[in-house]
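Chain naming follows the written order as A, B and C, and within any one chain the residues start at number 1.
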C-alpha cells in the first residue's frame, strides 16, 4: 500500500484518460494515472483518425509537436459488392487550411506523445500496472483502487474510469453490467508499409495530404459493419469491423473478412507491394446512446469508451473520449477548488456539462441508428449489389438505349425489394438519422 | 546510442578514408586463434582456417594459427591439426598458467604476440571463449573488432570487409577497420565451411613465452564440470534437428517431437516460448537468443518462423515446416511444407520413417 | 555494497522494418525495450543488494529518451539511475562505448561510492557483440567474469566472489577478487515485478543526467564516431529466399500418405540423408526392428 494520497486516480492512458489527467494536472491537482500496458498506446498499435477540435480544446498548439501522419483532404465513401464499388469522393483544397481539421495518426505514437504532455503537466504515470478493483469505505464511497502490484493499494478523492470499452473494473466493482455482444463491434486492423512516394502517387497526394476510404456492403457478408483504409505517412491502415454478436451467428472470422476485403479488386491495387507488419484487433462500443451506463457515483466517474461514447455513424470515438475526459477533469478541478466532496450528487455536474456539448447531442441524435442498421441487413447485402449493378448497367455502352436501361434498373430494384420496402428503409434511416 | 548512426550509411565519418598510420604499415599476415581448451580443437577454428586461407591468398600473405595451452603435450595434436587444416605458421604460447582458459593470461599472451609479430587480420570464433578474449584484446590494443560475423572478404583496397547481422538479423552490415591494426573479427560457428584436411602437412612453429606466473593471476579455476555428452544438447553440430513451437499446444504434445527425433537420430529443440513455458530446457532453444544450427535437415513443427527464430536456422540445407497456416512467415524460408496439424503429422512421420527402416532392414 | 548495472535501451528487434526502397531502417513506431539480457544482470544485482544491503545504480549511455528505460529499471527496484547523454557519443562502436561507460563508472565511484560489482548483460540484441562488458573491465582493470550462470558465493569481507561460468563444453567454477565485472548469462533468473511503492518512486525519481563534460571526459577524440575504429560502410537486408516453401499435396490423402510423401521428397532432395539415416538406425534400432 502507498501512504501517498492523491486528488484523483485515472484508470487508463488512452485518449480519455490522458485528457482527464492532463486537465487536472495542469490545474495543479495531484494526479496518479495507472495503465496496464507496457507504455501508453502499447495496446493500440494501429492507425486512426484524429479530429482536431477536441484536442485543440485541451492542447491548443498540439500541431507543433504531436506525431501527426497526414491531414485528410479527401474522403471516399464506397458501397461495395464482391467485384465493384460505387462511391462518392469528396476532395477539396480547402482542407489544406492552416489548421487542418482531421489527421491520420498512429495511436502507439500519438498516445505516447499525449502521455508525455500529461507527465510534463505534473501527473504521475505508472505503466504495467493493472487496476483490479475499486476500494470503498464503509459507506460504499470509492476511495481508491487496488492494483496487481505487490502491496498495491492506493487512495484518492476520486477515481476516473477511462479504462476503455471492456469496462472490466467498473463491471467487477458492480458499477455496470457486462458489455452486451450486440452493442460492440470487433474491428481488426493491419498496418501495411509502403514508401511515402508510392502512397503519394497511388492516392494522388502531395506533402502531408491524406485520404480516407470508408466502405460498406457485401464485404461484411451481411453483418452490420464497415471497412476502412487510411493513408499514413509511410503506411496504410486497413481494417474491417462488425458487431460481435453477428460474428457468432455467421461463423465468420474477422480475419477472414479482412483478407477478403484486402483482396477485393477495388482495394488490392492500393495495397500492392506493401509489407504487412502489424495486426491487431480491438472492440468498439457501438450501442450508442441507449447503451450508456451509469456515468457517476460516490467517488467515481466514467469517461470515453468505458461510457460507450462512440458515434458509430461518423466513426468518431477518440474525440468524444477526449471531450468526456476533459469535462470530467474540469468537473473534478471545479469541485476540488470549491472544496466540495466527490459525491455522486456533486459529480453529476459532469453529466450536466456533457449535455451542453456535441457529445450528448450527437449521441442522442443517432440513438436509433444502431437498431436500424442491426435490424436492416439489406443495407449490407442487397443494396450494394443493386447500386453497383445499376451503375454498371448505366455506364456500360452496349447498344441498349438509356430508357430501357432505366427500366431495367428500376425493375431490378423492385424485384429485389418492394417499393414500399425500399421507401420504408429510406424512411427508417432518415428517422434514425434525425 | 551506439547503433544510431550505424543505421545510416556512415557519411562524413572522419575515419572512412584510409590513412593507415606508418607504424601499422608493417602489420602483415592473417591469424586465426585456435581454440583448444581441454585438448580438442573447437570446430570453429577449422572453419576459420578455411576462411583465413582465402583471405591470406587474396592478400598474398601467410596464414598463421595461434595455439595456447598448458603443456606441449596438450597442444601437440592441435598444432598438427592447425597445419593440416591450412596454416603456414603456428605461434604457440605454452605455460601451465594457460591450462584452463582465463581472461587475464590469455589476453596477455595474445596481445604480446600481436605486438611482437604484427598481424593485419586476427580472427577468433564467436564462442564464449572467443568473445571473452576478443573484447579484452581489442580494448587493450585499442583497435576495431567486428563481432559475430557471418561473411568475410577483402575489398579492392585490401581491407577486411566483415559482414554481420544486426538488429537481431533483420539487417546485415559490412564493417571495416581502416586505420587501426590488426583488423579483428569474431565469426559465428557453423557459418563457414570446413576445409579439406591435408594429412601430414606441417610448417614453421614459433613459440613465445607467456611472461606471467600463476601468482600474477587473480582469478582461480576451482573446478571444471564438463557437460555430460548424453544429457547435453548438441544442437549446433547435429545433422538433423526436429523442433517444435507453440503450435503444438501442450507440453505433452512435445513428446511427439522427441519421438521423431529419436527415430531419426536427430537432436530436438524448440522456439523460445517453449523455454519460457518450461516445456524444454534453455539449452534447446533455437534462434537469436538460443542456438544457431546448421543441420542438413531441419523439421519445424508448429513454429511460425519469427525473425529471431529464423536467424538461428537459416543455415540449414533443407527446412521442412509443418504448420496449419500456409501464410506463416516460416513459409518464406522453408523449402518444403505440410499444411496440416503437427500433432497428427508428427506421429505419422515417425511411423513412416520407422517403416522405411524395417523394409530396408528386411531387404538388406 | 554498491553495485552498478549497465543497461541499454534497444529497439524491439521483432518490430524493426527495412524500407523496401531505400533499404534503411524504419524506426517509426518501433517500441524500445531494456535489452533483455540486461534484466538478468539487474535481477542478480537486486538479489545481492537484498542479501548484503547497499545500493544498486543503473547506468546507460544513450539518447535522452533512454531515460524511460532507466525509470523502468527503477520500477524493478534499482535505487539510482545515471544517464550518460551527449551528442559527442553518437556513433560509438564498442570501443568508444566502453570508454565512455568506464569514465562514467569512475565518476559514479567518486560521487556515490566505488562499486564492488559492475554488471552488464551478456550482449545486446541490436549490437549483439558481447564486447562492451569485457571492454569496460579492461579499462577499469576489473577482474572479468563473463557468461556467468550463477553467483555461488560472495564474501564482502574477504572481497571474494565465486561464480559458475559457462565455458565451451562445461562449467568453470571461478573464484576471484572484488571489484569485478560480471556479464550475466540469459535464463539465470527472472526479473521481479516491482511493488507499487517502487513504481511510484521510479516515476518521480530524478534521473542523474551527465554530459561528457559532467562525467569528466576530457578527451573527446575517444568518444563517438571519432573514437570508433570500426566503420559501418553498408547496411542491407538479407536476400529473401526467392521462392516460398513447396507444399506437399495434402488433398484427399491420409496422414500416413502425407508422411510418406514428405519422406520420399526428403530422400529425393537429399539422397545422402537416406543412407545416413539407415546407418544410424542400424546402430540404434537393430534389435527392435529385428523383432518387428
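Rule of thumb we're sticking to: contacts are C-beta pairs under 8 Å (C-beta built on N, C-alpha and C of every residue); 3 or more make two chains touch, one makes a residue touch a chain.
In this text, all values refer to a predicted model and were calculated from it rather than measured experimentally.
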Contact graph of the chains (line, ring, star, complete, other): line
Central chain (by mean CA position): C
Chain pair, most C-beta pairs within the contact cut-off: B-C
Whole-Å gap between the CA centroids of chain A and chain B: 51
Separation of chain A from chain C, taking each centre as the mean of its C-alpha atoms, in whole Å: 39
Computed distance of Cα centres, chain C from chain B, in Å: 18
Chain C: positions in contact with at least two other chains: 17
Interface residues, chain C side, partner chain A - complex: 15, 17, 19-22, 26, 28-29, 31, 68, 75, 193-197, 199-200, 203-204
Interfacial residue positions of chain C with respect to chain B in the complex: 10-11, 13-14, 16-18, 24-25, 27, 36-37, 61-63, 66, 85, 89-98, 125-135, 137-139, 143-147, 162, 166-177, 186-187, 225-226, 228-238, 240-241, 244-248, 250, 255-256, 258-260, 262-263, 265-266, 269-270, 272-273, 276-278, 280-282, 284-286, 289-290, 292
Chain C-facing residues of chain B, complex: 1-10, 13-16, 35, 37-38, 42, 100-104, 107, 127-129, 131-132, 134-136, 138-140, 142-148, 161, 164-180, 218-227, 239-240, 263-265, 275, 282, 288-289, 296-297, 306-308, 314, 317-321, 326, 330-340, 344-345, 348-349, 351-353, 356-358, 360-361
Footprint of chain C on chain A - complex, ascending: 1-2, 4, 32, 38-39, 42, 45, 106, 108-109, 124-126, 128-129, 147, 149-154, 193-195, 197-198, 233-235, 273, 275, 277-278
